[in-house]
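Next, two complexes with chain A in common: one pairs it with chain B, the other with chain C.
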Partner chain A sequence: MSSPALHEPFEAIDRQRLSAALGMWVFLASEILFFGSLFLGFTVYRSLHPQAILEAGRETNVVFGSVNTAILLISSVTMAVADKAAERGLRRMVVGCLAATAALGLAFLVLKGLEYREDIHEHLVPGPDFKLKTPAAQLFFGFYWSMTAIHAVHLTIGIAAVCLFAWRVSRRAFDFTASAALPSLGLYWHLVDIIWIFLYPLLYLGGRAP
Partner chain B sequence: MTDMTAESGLTAPRSDTYLNHGSTLWSWLTTTDHKRIALLYFGSITLFFFIGGAAATMIRLELISPNGALFTNDGYNRLFTLHGVIMVWFFLVPSIPTTFGNFLLPLMIGASDVAFPRLNLFSWYLNTVGGLLVVACLVLGGVDTGWTFYTPFSSMFSNSYVFLAVAAVFVVGFSTIATGVNFIVTVHALRAPGMTWFRLPLFVWTQYATAIVIILATPVLAISLALIAAERLFGLPIFDPQHGGDPVLFQHLFWFYSHPAVYIMILPAFGVVSELIACFSRRQVFGYTAMVWAILGISVIGFFVWGHHMFVAGMSPFAALVFSFLSFIVAVPSAIKVFNWTFTLYRGQIYFEAPMLYALGFIGLFTIGGLTGLFTASLPIDVHVTDSYFVVAHFHYVMVGGSVSAFFGALHFWWPKISGRMAPDGWARFAAILMFFGFNFTFFPQFVMGYLGMNRRYHHYAPEFQIYHVASSMGAVILAAAYLLPMGYLTWSLFRGQKARANPWGATGLEWQTSSPPPKHNFDQRPVVTERAYVYHPDQESPRHEEPNAREPHNPQGQRG
Partner chain C sequence: MSRNARDGSITAWHLWGSSALVGVALMLLLGLTLWLAYEPLAGWNAVASYTIALAKALLVVLIFMKLARSPWLLSLAALAGLVWLGTLFAITFTDYPFRQVGERIQTIPSERSQGADARPPGWTFP
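Moving on, here comes the complex of A and B:
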C-alpha cells in the first residue's frame, strides 16, 4: 500500500512529494537572492562606468560563451526528459538521460576551463599586468570571474547529485517513481541553467553591438 | 472530560520518551528527532553565548579605565569584533529558532517531526563546522574589522584572519537557511487536521515569518562575504575604490541582510512573549489577527529599511528621507504588538512566575529599545548619535533586553516539557529580577554617555565618561551573575527538581497535550484540533481566579485520543 519511498514524518506519498518540491522552490528563492546580489552589483557598476564595462565586455570569448549556452540548454532538455520518464517508471530511459545530463554538464565545465586558460593567457585576470588600461575595466572582470566561478560550483554540485542519483536508479536502490528526489533535482538543475541564461548576455554580449 | 483525570494517563512515568529512546553518544549524533536536534543546538549556542559573554566581560573590564590599560588597540579591536561575530551569528540568529523552534514547531502543529529531518541534522553539522572555523579564527588571533566587515578595510588592509571569520559566517548562514526551508515546509505541509492558519499559535507564526526572512536575506550576506573573500584571496577588485569600485555598495548589500537579521533575532522573541503573556494572565491574546498581520508586516517592511544604517555613509537626501520614513513605518506593527500584549494583561488573572517575569521584562526593555530606534531613525538625531554608545545601548536593549530575555523566558516556560522537571521557581524569579536590574544597570548609562558624545569601538576615552563606564561595568557583573545562575539551578533541577506534569501551567497549546518529556513520535495518537489558540476563558467573560496548581487550559487546542 504505502511506498517504500515514504519517510517520517509524512503519512502520504503525495504530500511528501509536494513538500519536497516546495522545499526546493523555497531554497531556489534563496539562490535567486544569492545571485541577485551579484547581478545588482554588476548593474550598479555598469551604470557608474558604462564605457569601461562595455570595453571590457568585448574581451570575453563569445564562441565559448555561446557554445556553453547551447550545451546547458540541451542538458536542461535531457533533465526534463529524465523527470518525465521517471513518472512513467522507465528506468533505463531515466538512467540514460541522467548520464547525458551529467555528460553535458561536464562538457560545459571542460569548455569553461579551456576558456579560463585562454583568459589567463590574455591577461584578463585583474592585477598589475591587466590587459586593459581603464581601471574600471578590471571591475568587469572581477564580476566575470566571481560570477562564472560561483556558477561553476553550483553546476559541479548538480553534476555530482545527478551522477549519484543515476547510480542509485541503475542499482534499483530505491523507488524512483514515487520519490520526489528527481523532480527536486530537476528544479535545481534548471535554476543553474537559468542563471547562466542571465550571465550570458551580461558577460558575453555587452559592447558587441555594431 | 476533566483535564485532571485525562492527564493522569500522561503523568505515569514512561520509558519511551525522546530522552531515553537511545542513550549512546552515537544515537545523539545521528538522531533525526527534532527534539534531540534542538538539544544539540542548545549545547552549541550555550557554548557560544559564554564565549561571546567572556569577550563582553573583557570589554567591560577594559573600559573601567579611560587609558585602555589591559589591551593594545589591535587587541581591543579583535575583542569587540569577536564579541559581535559570535553573539550575532552563533547565538542570536540561531538562538530561539534552532532550539525552541526545532523543539516546539512540530509539537505545536501536531506533527511528528519537521518536514526534512535529515536536513535538520545536516544543518546542525553545518553550524558545528561554522563554529569550528570561528573558534580556529579565535585561537589563531582573531579579526579586527568589526562584525560588519566593512570594505575596503576588510578586503585590502586588515592584517587578521578575515577569511576564516567570513568563511565561518558563510557556512553558518547556510545552516540557518536549511532551518528556514524546513520550517516553511513544515508549517505548510504538516499541520494536524483542524489546525488552520488562523488557529496557529503566534509562536508558530513568528517562526514562519522568521524563516521567510532567513531564506530571503541570508543569501545576500553570503554573497557579500564571498566577494570579500574573492577580493582578499584573488585580488579581484569588487569594492576597490582605486578601480572605481564602491565600498558603499558593500554596505548596502551587508545591511540588506543585517537589518532583516534584526527581525530574525526579535520575531521569535515576539512569539515566545505572546505565549507567555497569554498563559500567565489566563487571557486570550488581544487582537490575535492583528498580531498575525503585524508579524507578517514586520517581516516584509523590515526588508526596506536597511539604509538607515548608512545615513552618514553617503546617500542622497531623497533616499535618506525614504529610508527614514520607512523606518518609522516598521515601528507601527511593533507598537501594535506591544499594545496588544498590554491589553492582553488587562483584566487577566496574572501569575508572577519566572517565565512571566521575563516576559514582562521583555515588554519594558523592548519598548525602550524600540523607541530609541525611532531616535536613530530620524535623520537629524541620527547624524548626532551615529557610531556612539547611544546606538550601542539601543540595539542591546532590543537584542539582549529583548531577545535574550525572551530566550530565558522560553527556557523556563518549556523547561518542564523539555526535561520533564520543574525549575525551582523561587530561584528562577530571583534570576529574572536580577537580569532585569543588571541589564538596565549595564546599558542605561550607555544611552547617556552616547548622547554626550562617547564613541563606540574606542577604548581610550575622555575622563568625564569614566563614571558611566564604571557604572556599566558594575551592571555587567550583576548581569553575568544573572546569566550564570540558571546554569546552576536548572542543572540541579534535572536531578532533584519536582517531576513535571504534562501541562504544569495549564496552557492551551498542543505541545502541552502530550507527556513531559514527549515520546519519540511526539503524540501517541495524532491530535485533532478543534479550537482557536489561547482560549483560556469563554468569549465575553473574564478569566476566573484559579489556584496555581489547579490552572486548567479550559479549551485546549487538541482533543486527545
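Moving on, here comes the complex of A and C:
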C-alpha cells in the first residue's frame, strides 16, 4: 500500500526511510570531522601549553556549563520520545515532545547568552583587555568562543527545524508516522547533544581538581 | 490516531520507560563527572572526564539514535566518520611531538619579545 510520504525514486517506504537515515548519518560523519578538527586543534594547544590551558579552563562558569549539559540531555530524552510517539501515530504526544525539545533548546541558548554576558564582563574575550596574563590562556578562550558559537548555530538550526516539524504535525500537513523526516531530525538533534557532551569536559572541567 | 492508540495498548511506560531510564543514567553520569572533576586523582581527572563523556555519547548513539538496532549500513556510515577522525588525530600526533627543536612551532608570537625562553616551547603531554 502506498503512503503519501513515499516519494520518487523510492518504491517502498522502508527503503526510503533507510536511505534518509543513511544520508543523515553520512552528513553527521562529516559533522564529526568538522567538530573533530576543532577538538584536535584544542588538544594540540593543550599539549603545547598544559598549565596555561588548565588555568584558563578554571575561568569558565561550571554552573552554567553543567546546567546547560543537563538541559541538552533532557532534550534528547524528549526528542527520543517524540520519535517513538511518531512511530505509534500519537500526534499530540509528538507535538508536545517536540515543543518541549524546542523549549529546552531555547533555554540552553538563553543560559548561554547569560554566560556570554558574564564572560564579556569579566574580560574573557581574547584581545588587549584579556583578564589573564599568560598569553597561551587566550588560545583557550579563542577555542571556547569559536566552539560554543558554532555549537549554538547548530542548535539554533535544530530548534528552528523542530518548531517547523511540530507545526506541520499539529496542522496534519504530512504523514509523520511513515515519513523519514522526524527520525532524521532526531539524529541531528542527538548529534548536537553529543558534541556538547564532549565540549563540557573540554571547556568546563579542566583544571578544577586541587 | 493509530490502531494501537485506539486500543489503549500504549502505556506511558512504553513511550517514556526506556528513554527516561537512559535519561536518569545520563544525569547520574553528569553528576559523577562533575564530582570527579574536583577530586584529586593524580592527573587522571581528564581521563575520567572523557571516559564518562564517551559513556554518555554511547548511550545516546546506541539507544536514542537507535544504532544498536539499526542495519549495519548505518553503523558503517557512523564508523567512517570516527575512522577518519582517528586518522586525523593519529597523523597529527605522530608529527608534532616528534619534531626536532628547530622544527617546533611557536604558537604565541609575543613570547620572544616578552623575554621568555628564546626557543619555542617543547612538547609536554598532559
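Convention: the second predicted complex is superposed on the first by the 210 of 210 C-alpha atoms of A that agree within 3 Å, B and C clash if a C-alpha of one lies under 4 Å from a C-alpha of the other, contacts with A are read in each partner's own complex, and residues count from 1 in each chain.
As a convention for this text, contacts are C-beta pairs under 8 Å (C-beta built on N, C-alpha and C of every residue); 3 or more make two chains touch, one makes a residue touch a chain.
Computed from a prediction, not measured in an experiment: that's the story for all the values here.
Chain A is touched at more residues by one of its partners, and among chain B and chain C that partner is C. Shared-chain residue A:E8: touches chain B; no touch with chain C. By the touch criterion defined above, A:L48 lies against chain B and chain C together after alignment on the C-alpha atoms of chain A. Within the superposed three-chain model, A:S30 lies in touch with chain B and with chain C [touch as defined at top]. Applying the stated touch rule to the two superposed structures, the overlap between the chain B and chain C interfaces on chain A comprises residues 18, 22, 26, 29-31, 33, 36-37, 40, 44-45, 48-49, 135-136, 139. Looking at the complex, you find that chain A touches chain C at residues 18, 21-22, 25-26, 28-33, 36-37, 40, 43-50, 62, 66, 69-70, 73-74, 76-77, 79-81, 84-85, 88-91, 93, 135-136, 139, 177, 183, 186-187, 190-191, 193-194, 197-198, 200-201, 205-206, 208-210.
Of all residues in chain C, only 1-2, 4-5, 10, 14-16, 19-20, 22-23, 26-27, 30, 33-34, 37-41, 45-46, 49-50, 52-53, 56-57, 60-61, 63-66, 70-71, 73-74, 77-78, 80-82, 84-85, 88-89, 92, 96-97, 105, 107-108, 110-111, 114, 121, 123-126 touch chain A in the complex they form.
Listed in rising order, the residues of chain A touching chain B in the complex are 7-10, 15, 18-19, 22-23, 26-27, 29-31, 33-38, 40-41, 44-45, 48-49, 52, 126-127, 135-136, 138-139, 141-143, 145-146, 150. Taken together, the chain B residues at the contact with chain A in this complex read 32, 106, 111-117, 119, 177, 180-182, 184-185, 188-190, 215-220, 222-224, 226-227, 230-231, 234-238, 242-246, 249, 253, 256.
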